[in-house]
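Here come two complexes built around subunit A, the first alongside subunit B, the second alongside subunit C.
What follows is the complex of A and B.
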């Protein structure tokens, strides 16, 4: 029997009801949950009101969400030695709070910044030198080994990060990914932000996941302020999240075609992606959905004329999407490049804790829309969509299935009129969060599990704001996919994951 | 083969006729803000207080498009009495001070660097640098290469190397960790070169301007020639800025 407390997605719990365990008991129980198939949603440190005390808090998931905390030691035997899923979380804690996980197999910085306790840096970095890549990369030794260094500035219009390949000929033996270039100090901004600024911070964590992160923040504030959202707003939020998924998945499928030089569908989907972005603009005036979701509901209603246009556009786009999908997946040139490329086995995916389409492509059926449904999802049936192989083809097929599914979800929701009272500007009711409470919110963004965890202090101020983008779980999946793969297939594999740099770097 | 032809026929010709004709954007789009100078000062103050970006100067009755994320809060509070956001997406400026506006923007075509038009008017190669951008500005620059906008028909392309570029297009609030890489990319662009700042974060730090990890505007680091506001700027705003400034 676990001593972790079962909590609900988007529920509020008083902090003193979260079990505060002895450190050894905390570790034993956390590890046993993971060994029995559990996964880490959050594992982070925070400073309690009394500044000298640092605590750990973990939110794990099985088919329920489980939470427990403990006092943080200055150093401790790394949990990663037993369960790999902790490895980035432990590195993050080491970076943010200077707490050393002893025996961690690969203890290096995550985002390259000073810790917030002004204790000695775990990594021995000098932060007056401003390049995260000032670091001794992992090296493979041998006569014919060569290295390829790419980034931080890449050859396309994309975000920065560094990739270091160790190759023998064309074959990649190891890929090391070093991020941190995008670090903006997002989490720390939440502590001083005024209520009116919170939505902007959340929406800009990762602009392509505006709705995903916006929802997590809004639901957390709603939980802590005990605000109910009307059903109309839930429907609009659900439509917005599916539009976001559609635009991104379609863009990714087009980009995958571009990387195998099948230019026709690449251009078709490039254009159609824009059409779906424009449907978000139709709804709220912004192509990425910025400004739509606010604590308490949404700022824009689904008026009949908007609903009619949305319906017409979707009806017009649906056959086009289906036909381009048919074109892509029936082309032998596409299948020849996608099949068997960048395979991540189910076992590796489990060990790394992959989520979202990348996880589903490797056989992990988890989808927060089905497992921890929020908004209107409890009323929708989200089919399991796990694939067996974990190659580029499966990562593309997962997206194909979800594109068709998202279109039918939206169509099922725009059939009937929706009433919602839009959130009014400048209202002060939402500014008072319940003191000494905790809330965690989980949503299935287009890349997978997005989650925010919020702790309040005795006065209802935000004590700790923890953001987790699905990319935090998945970047190592890309590194694994490249093992024993031709380096020329890197762009294809990278696109098949299409992970967030800024969502990771925060 | 038949599938390929069927798709090609279905897709048809999709390129917009901009700048000859302005494509229609959906009514809820929020472009150039327009301020009513006769508005009640209390109303102006209420808008300034509610603005999540503190972008409104209630005394001068102006709005800073560099800070503004075009969320429309002020328009809703004042019910259009103080601020309205028009459907006009042509909002780029050649000077930072022009971003502080009552809606009356100076002509972008008449900027002080007319020699750029001679140098780059027929061929402009751009190197994009994302410096802590959230991928929205990047995405809406990328989209310029799709058939609807078809940037290449104007002789403008995004290139892979700064050595091949005439200008850098910067997005994001310029994190401390990207500053050196950004400066190195800029240095690698042969002179004469231009610097284009895209998006609220790049113009002023945007929603991250209170963080010690980012710059308070690209112009504090590099000489910026073209300021394109928005969060993110609409692709047509980007297109207008590039065409009007350089052609």
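What follows is the complex of A and C.
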């Protein structure tokens, strides 16, 4: 029997009801939950009101969400040694609060910044030096070993990240990914932001997951301020999240084709991605859905004219999407490239705790829309979409299935009239957040599980705001996929994951 | 005089034909595509620019583009265009041509290695590897031609009624040769499915990655060289495909140009219709050309003796 408290997605709990365990008990219970198939949603440190007390808080998931906290020691035996899913979480805590996980297999900073407590740096870095600072990469030695370093500045117009390949000939033995070049201190911005700035911050954590992060923030604030959202707003939010998924999945499938020089679908999907972005434009005036989701509801109604246009355009796009999908998956040369490329076994995926399409391609059926449904999802049936092999083909197939499912979800939602009272910015501002409370929200963004956790202090101010993008779980999956794969297949694998740099860097 | 004019025309037209491929690819992608003169605009733009040299490079880096362009232009001097005699021709010139192109490649590779960039090193390794297989196939094709004509010069094969005579002697095996030669064309000119000339991903490139550090006029020379090289291969393929010698000089030229256009269009169609092969499957694809040429040669053993 676990001493962790069962909490609900998007529910408010008073902080004193969260079990505050002894550190050893906390570790034991956390590890036993993970060993029984649980996963980490959040594991972070925060400073309680009296500044010299640092506490840990973990939110784990099995079939339910479980939370517990404990006092943070200055150093402790790393949980990663037993359960790999803690790997990056422990590194993040070490970086943010200077708490050393002893025996951590790869204790290295995550984003390259000073810790918040002004205690000696765990990694021994001098942060007055520019990036890339003084830190080591994993090395492989030998006569025929060569190292290829890519980035952080890339040939394409993409985000910055450094990739270090240890190769023997064309074969990759190991890939190490170093990110953090876009660290903006997003979490810290939440503490000083005014209430109406919160949505803007959340929407800009990662531009391609605007709705995903926006939803998480809005739901957390709604939970803490005890605001109810009407049915119409829930439907519109669901439509927006599915449109985001559609545009991105379609873009990814096109990009995968581009990488294997299969031109026609790459170009068609490039165009069709734009068409779906334009549907978001129709919904709220922004192609990425910025400015739509606000705590309390949505800012724009879905009147019958827009609903009809939406329906017409989707009816027109659907056969085109189906046709191009057919073109991609029936081409033998494309399948030859996708099949067996960059395999992540189900076992590895479990150990790394992969989420989203990447996880589902490796046989992990977890989908927050089905497991922890929010908004209108409780009324929808979401398919499992788990695939057996975990190669590029499976990651593409998961996207294909989800594209088709999302189209029918949207079609079913715009079938009948939607009524909502739009939130006017400034007028219906939220009452202050409930003091001394905690809320965690989980949504299935297009990359997987997006989650925000918010703690408030005695006065209803935000004490700790924790953001987690699915990329935080999945970057190591990409590194694993590259093992024993040709280095020339890296771009293909990279696209098949298509992870966020800024969502990770925060 | 006529052959020099033809040579000039070939150099001048090579960029145009390369743009045909872009047009075909754009057509399949449902786009308008760049104008047919795009390559001229690019060349002019590049020649107007200045070059940037890394401090770590030496004179080898600067020689690369000059020599690769010069060899491509020289090779064209030996090419019989539309059945006309080339500027230069002697028995054994095919060997010289092959190794002139090898020389060009050597200096491109040397220039790439000179930058000490890990990408360019990788590209150089790939560029050095695939043409080795190509060379085997190329020599098989030469053996075939030598058996047919008893000569070792391009003009003996393709000038005048040469290519028509080849079809009359060994039509069926020559079909194999055409296909084998087309595969070599795709490989040597870094086209899909061997390489992707349009990619910007430095880890997957072969030829493009080696010239990443070249800029301005140097890069223009490389581009011009590769247009000429593609023209050379396409012209030979065209002459094999359209061997008719009408006796009318104008008509011959028209037929030749039509054949050339068809070859470039086929390249464009191939690039649009199939995805690129995985790097480790490329040697198998290139070896196919060797197998075809070998088979064709075996068949002709019967015919001649």
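Here is the rule we go by: the second predicted complex is superposed on the first by the 500 of 506 C-alpha atoms of A that agree within 3 Å, B and C clash if a C-alpha of one lies under 4 Å from a C-alpha of the other, contacts with A are read in each partner's own complex, and residues count from 1 in each chain.
Here is the rule we use: a contact is a pair of C-beta atoms (placed from the backbone, for glycine too) under 8 Å apart; a residue touches a chain by one contact, two chains touch by 3 or more.
Note that the coordinates shown come from a computational prediction; the quantities given were computed from them, not determined experimentally.
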{"item": "Which of subunit B and subunit C A:377 touches, first, second, both or neither", "value": "neither"}
{"item": "Partner chain(s) touched by A:486 [first = subunit B, second = subunit C, both, neither]", "value": "second"}
{"item": "First (subunit B), second (subunit C), both or neither touched by A:170", "value": "second"}
{"item": "Contacts of A:190 with subunit B and subunit C, given as first, second, both or neither", "value": "neither"}
{"item": "First (subunit B), second (subunit C), both or neither touched by A:155", "value": "both"}
{"item": "Touched partner set for A:333, first subunit B, second subunit C, both or neither", "value": "second"}
{"item": "Subunit C versus subunit B, contacts on subunit A by residue", "value": "B"}
{"item": "First (subunit B), second (subunit C), both or neither touched by A:264", "value": "both"}
{"item": "Overlap of the subunit B and subunit C footprints on subunit A, listed as residue numbers", "value": "155-156, 264, 267-268, 271"}
{"item": "Residues of subunit C defined as touching subunit A within the complex", "value": "25, 28-31, 118-119, 121-122, 192-193, 196, 198-204, 212, 271-272, 274-281"}
{"item": "Complex contact set, residues of subunit A against subunit B", "value": "111-113, 130-132, 152-153, 155-160, 180-186, 188-189, 192-194, 196-197, 199-201, 203-208, 210, 251, 264-265, 267-268, 270-271, 273-274, 277-278, 281-288, 290-291, 299-300, 306, 309, 319-320, 323-324, 326-327, 330, 424-426, 500-502, 505"}
{"item": "Parts of subunit B lying in touch with subunit A, wherever the complex brings them together", "value": "3-4, 6-8, 10-11, 14, 25-26, 28-30, 46, 49-53, 69-73, 76-77, 85, 128-143, 145-148, 158, 160-162, 172-173, 175-182, 185, 201, 206-208, 210-214, 231-232, 234-235"}
{"item": "List of subunit A residues in touch with subunit C within their complex", "value": "146-150, 155-156, 170, 257, 259-264, 266-268, 271, 331, 333-334, 336-337, 341, 486-492"}
